[in-house]
Amino acid sequence: MIVVLKNETPKEQEENLINWFENQGITVHISKGEYNTVLGLIGDASRIDTDLIEGLEIVQNVTHITEPFKKANRKFHPDDTVIDCGGGVLIGGGHFQFIAGPCSVESPSQITEIARAVHNSGAKLLRGGAFKPRTSPYDFQGLKAEGIELLSEAKKETGMPIVTEIMNANHLPLFENVDVIQVGARNMQNFELLKELGKIDKPILLKRGLANTLKELLMSAEYIMAGGNEKIILCERGIRTFETYTRNTLDLSAVPMLKSLTHLPIVIDPSHACGVSKLVEPMAMAAAACGADGLMIEVHNDPVHALCDGPQALTPEQFDKVARKVMAIREII
Amino acid sequence: MIVVLKNETPKEQEENLINWFENQGITVHISKGEYNTVLGLIGDASRIDTDLIEGLEIVQNVTHITEPFKKANRKFHPDDTVIDCGGGVLIGGGHFQFIAGPCSVESPSQITEIARAVHNSGAKLLRGGAFKPRTSPYDFQGLKAEGIELLSEAKKETGMPIVTEIMNANHLPLFENVDVIQVGARNMQNFELLKELGKIDKPILLKRGLANTLKELLMSAEYIMAGGNEKIILCERGIRTFETYTRNTLDLSAVPMLKSLTHLPIVIDPSHACGVSKLVEPMAMAAAACGADGLMIEVHNDPVHALCDGPQALTPEQFDKVARKVMAIREII
Amino acid sequence: MIVVLKNETPKEQEENLINWFENQGITVHISKGEYNTVLGLIGDASRIDTDLIEGLEIVQNVTHITEPFKKANRKFHPDDTVIDCGGGVLIGGGHFQFIAGPCSVESPSQITEIARAVHNSGAKLLRGGAFKPRTSPYDFQGLKAEGIELLSEAKKETGMPIVTEIMNANHLPLFENVDVIQVGARNMQNFELLKELGKIDKPILLKRGLANTLKELLMSAEYIMAGGNEKIILCERGIRTFETYTRNTLDLSAVPMLKSLTHLPIVIDPSHACGVSKLVEPMAMAAAACGADGLMIEVHNDPVHALCDGPQALTPEQFDKVARKVMAIREII
Amino acid sequence: MIVVLKNETPKEQEENLINWFENQGITVHISKGEYNTVLGLIGDASRIDTDLIEGLEIVQNVTHITEPFKKANRKFHPDDTVIDCGGGVLIGGGHFQFIAGPCSVESPSQITEIARAVHNSGAKLLRGGAFKPRTSPYDFQGLKAEGIELLSEAKKETGMPIVTEIMNANHLPLFENVDVIQVGARNMQNFELLKELGKIDKPILLKRGLANTLKELLMSAEYIMAGGNEKIILCERGIRTFETYTRNTLDLSAVPMLKSLTHLPIVIDPSHACGVSKLVEPMAMAAAACGADGLMIEVHNDPVHALCDGPQALTPEQFDKVARKVMAIREII
């Protein structure tokens, strides 16, 4: 950490700050320029609260020499992490996967039929919501435990590992058969949940929060990894901006940027980001073109959706077409 | 709910949608204009997924006749809610309170000395962090249970009810002595936590998430209220914008806007919003001038902060000055 | 326009509003539901100030039946517009172009050498800044008229049509030799400039403002088109969000969304959006994959940039590699 | 300027960069720490393009010792600037003013009646739009020259100096009778317009752009001041965020933050920020409480507005009430 002091800093305050650092067991390398004093902190600065130091009246600015994430940092782990999602299905390090399925699990026939269809089109992982985070307490909250059972049956039928969202660490016993546990955007900074997921041995699909920076996403991954579970799949699903034609703004530059910062795989969820099915195909292709390790896509087979071909989910036929186009792009890059 | 269909909608699709609504037990009032068909849904539309309907290709737009929050809605509860925070300290309905104390509880002398000082300046509620949500797993996470014990001792000494943050519903047994339980910005949409807080009988101070709308804040209040606990104090603490001189942007228009939407009290936390102590005084005064029911202000008495007078916390002397000015403004309005 | 009135609206106010509409020459179709009155406005509602109506206390909500842009609207012009940029270089309707060149025109050898290099790699349009919008009045403002002359010479040498930015309609006489006139992000809503560009007969490359919605971008295109000049090329170059690793957030969903809303061609500028050269290649490929009609890419050949290979511009060799990869993607889609 | 180089920087690249700086006439003070090399640039670094340096691969980070604005900087001009708006009406340095009037000038009786009314309530400056920036080319663009004439007549009648918006420097001859020239939010970075306003001798009311930082606002003020006109009044009028209940989010922390950064006066426009009249009073009071030098408030007297008491404008009676409350708050602070 490098701390630049303001040029008018009184000598006494400067010395007080240096003493305080040294009392924390940190060596301070002082460099006096014509205008400013620059303090280079050497040693374990991790217990120093950066916000506190940055807020001090005498401090011009604080520069981090290294990123605050360690285990997720590509600098210390140059090779791509490859994650085994169960049944030999790999993500990362050149392994690309489709994670497809309905928004919510609704019935045995619904989930099994969709599972078969997307499997035929090349999807190796089945998604489906059992516990649903809803803005309103009066909205349908998912089939919960029953939903996970239905997913498990579809898994038996098709051999596809299953991906579903957790909202409460107390529910973990219900997730024994789940292959990849998803942390939703609203829980990205539910640190208590992240800590519990750090203690288990299953891949975690961690979604970026609606208004979280990439650094915060990596720090949340770090929470899980610090606990011992290093099997993290990052997921960009759109951020909140002022634009109103799309529900959220899909930040595809997150893919190459995260690739340079971390060794963890990155998948894109174009369905939730845009909120309109006609954008799923072009954004899926764009995600593949800029190097994503996978795509998470909503597929439905029910009549309400079929009625009008509008919402964010694709029909199995549409998904099949998207999957082919994406694979063609994958071949080029 | 009013659903406006696009003007080129095929008759068959229109009928399919109307049938689907009717199958959900909803009466549909159809009004055909020169250009558009407008459907007025009558009955319990709460199980209808608005996002789904809005996403349909044939739908132009969906209008809600009533806000989705019921128990928090001023329309149905015109009178201000007054919340008893313990020891006869009231917030709301004309009762204004300062909630003051350090960011983190650090030691018995620290918390007790600050408590005495802010109490002398007119604060009736003591705040202090025991469980601290930190972006990095390597940062200090608070004294936890010990921190709550220290708060309890300061409460004994001063008689001030205490306010502290919860991050995990499993910690509730530790909060027996806590008078007001705070839900932090990052947990505003931790619906599982909100549901558990709906089952207890203590006031909840619910902070607005960094990128959450006022409607989402009210829906999160509704989660707690739907469970039976209607003692909610809302708190605006700054939202995430593009501005960089301030840490967050304090949205003071939230005060009068929330006042018109809900009967719940609203307090402002100017310390976290701005991240610099020199803004605390003017923003506290502005909050009082536009009708806030209280102020949550960080006060410190330790040498690191005292060293330079920079960060977001005030000294007890500064707090005393702010409290006087705020009370003068309160007298006018 | 459909106006939904609040359910508690007094009859007299409702009648006053209807009278007021009728006095503006508008026919009002009234539909009374159980809860709400819905007014359908028929006739030329273009002189009605929507914001005014939406702000009225008795109005629940205002819905536009048609988008406010007419000439830019795909609904009324289903076929893609193909724009001739001079010298037979076409953009739109399946014609894809690279617009490449340096950020600023600096010297005859600089611009001519870069022009030759990018031309060899497949770029058909030469870009280069002569008038530079700078945040600070003390920063270099470009070579101005001399810069345009240097571009003209490079055009003579290579036959490439040239693209450069205008900041002031009074400079138009200097742009006689310019083939495509660029309007920068900061001038997207400089309506006086847009009006003047509506009177000339040259293609306009209109960049989206940093915080402007797609609807506002199309309304600005409409300003130029309403004046008679329908040769508009839209350009997405990144929007302002809270993310800090990238300078701006490139909104690629703008490509398919704009394609559905308008017949005008859309190009992507990945150089400015991200602010780091390593993101230019993946974002250029993603833009091609989701259907962009062209790419605007900064290319340099000077030693400061070459020194460290960091900033947003590519070397001619890097550009050549990107162009090949993009063309491979173009072949698939 | 302080440039921190990355710790792995090759010696040759470091030397190349230092040589390049020295060739620009800058003295480089080199400080080598254990991990990093820190370059302190001494001399006129204003011609250095910070973005370019920051983007270099070998550069960790660039710190500005001084803010890029000079003439607007409080550090170099510690005393508040007091601006004479004509007729002895002062703003800044303790002088607080109401700028009131209709959104658009519509007729002689409208503007004169409103002028008289607001004058009676204590407003010393009359506002009214003659040239109106409208998102749509098909919307009413204002009475233009005729609007300015009507304002001039109201000025004659009441003695109030007038404030109105300019959109095109070519219109300056029409503004001879205008006392304070407003630059709207959309033109805040229309640098060509700012340069022309730097050459005249009239106060400029400069509105913050919808998505512009405070630093950018000050740099735009600097554009005008650099040309010789130092009579700038800054105006905050709401920024674009994700919140939808209010049209924009009024950033009141801009008031104390700007006060610490600049000596220029700051006024608040609560009418445009919120878009609903019921928020004007509380936000006006909050603005006064946090130290604003003035308020710009829309007042109407026409039947469409009067009809329903909804939109952002106040009636003269409402304005009178707001003005009294604001003055009471002014007396405290």
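Think of it as A, B, C and D in the order they're written, each chain with its own count starting at 1.
What we mean here is this: a residue touches a chain if its C-beta (ideal position, glycine included) is under 8 Å from a C-beta of that chain, and two chains touch if they have at least 3 such contacts.
Here the structure is a predicted model, which means the values were calculated and not measured.
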Chain at maximum distance from subunit B, centres defined as averaged CA atoms: C
Pair in A-D, C-D or A-B that repeats B-C, with over half of contact pairs matching by residue number: A-D
Rounded Å distance between subunit C and subunit D, as computed from the means of their C-alpha atoms: 26
Centre-to-centre distance between subunit D and subunit A (centres being mean Cα positions), rounded to whole Å: 39
Chain centre separation (subunit A, subunit C; CA means) in Å: 31
Sites on subunit B at which at least two other chains make contact: 211, 240-242
Subunit B-touching residues of subunit A, taken from the complex the two chains share: 13, 16-17, 20, 46-47, 49, 51-52, 55-59, 68-70, 133-140, 167-168, 170, 186-187, 189-192, 195, 209-211, 216, 219, 222-223, 226-227, 240, 275-277, 303-305, 307-312
For the subunit A and subunit D complex, residues of the former touching the latter: 2, 4, 7, 29, 31, 33-36, 38, 40, 42, 60-61, 63, 65, 211, 240-242
Complex contacts: residues of subunit C adjacent to subunit A: 211, 213-215, 239, 241-246, 249-253, 255-257, 260-261, 273-274, 278-279, 282-283, 285-291, 325, 328-329, 332-333
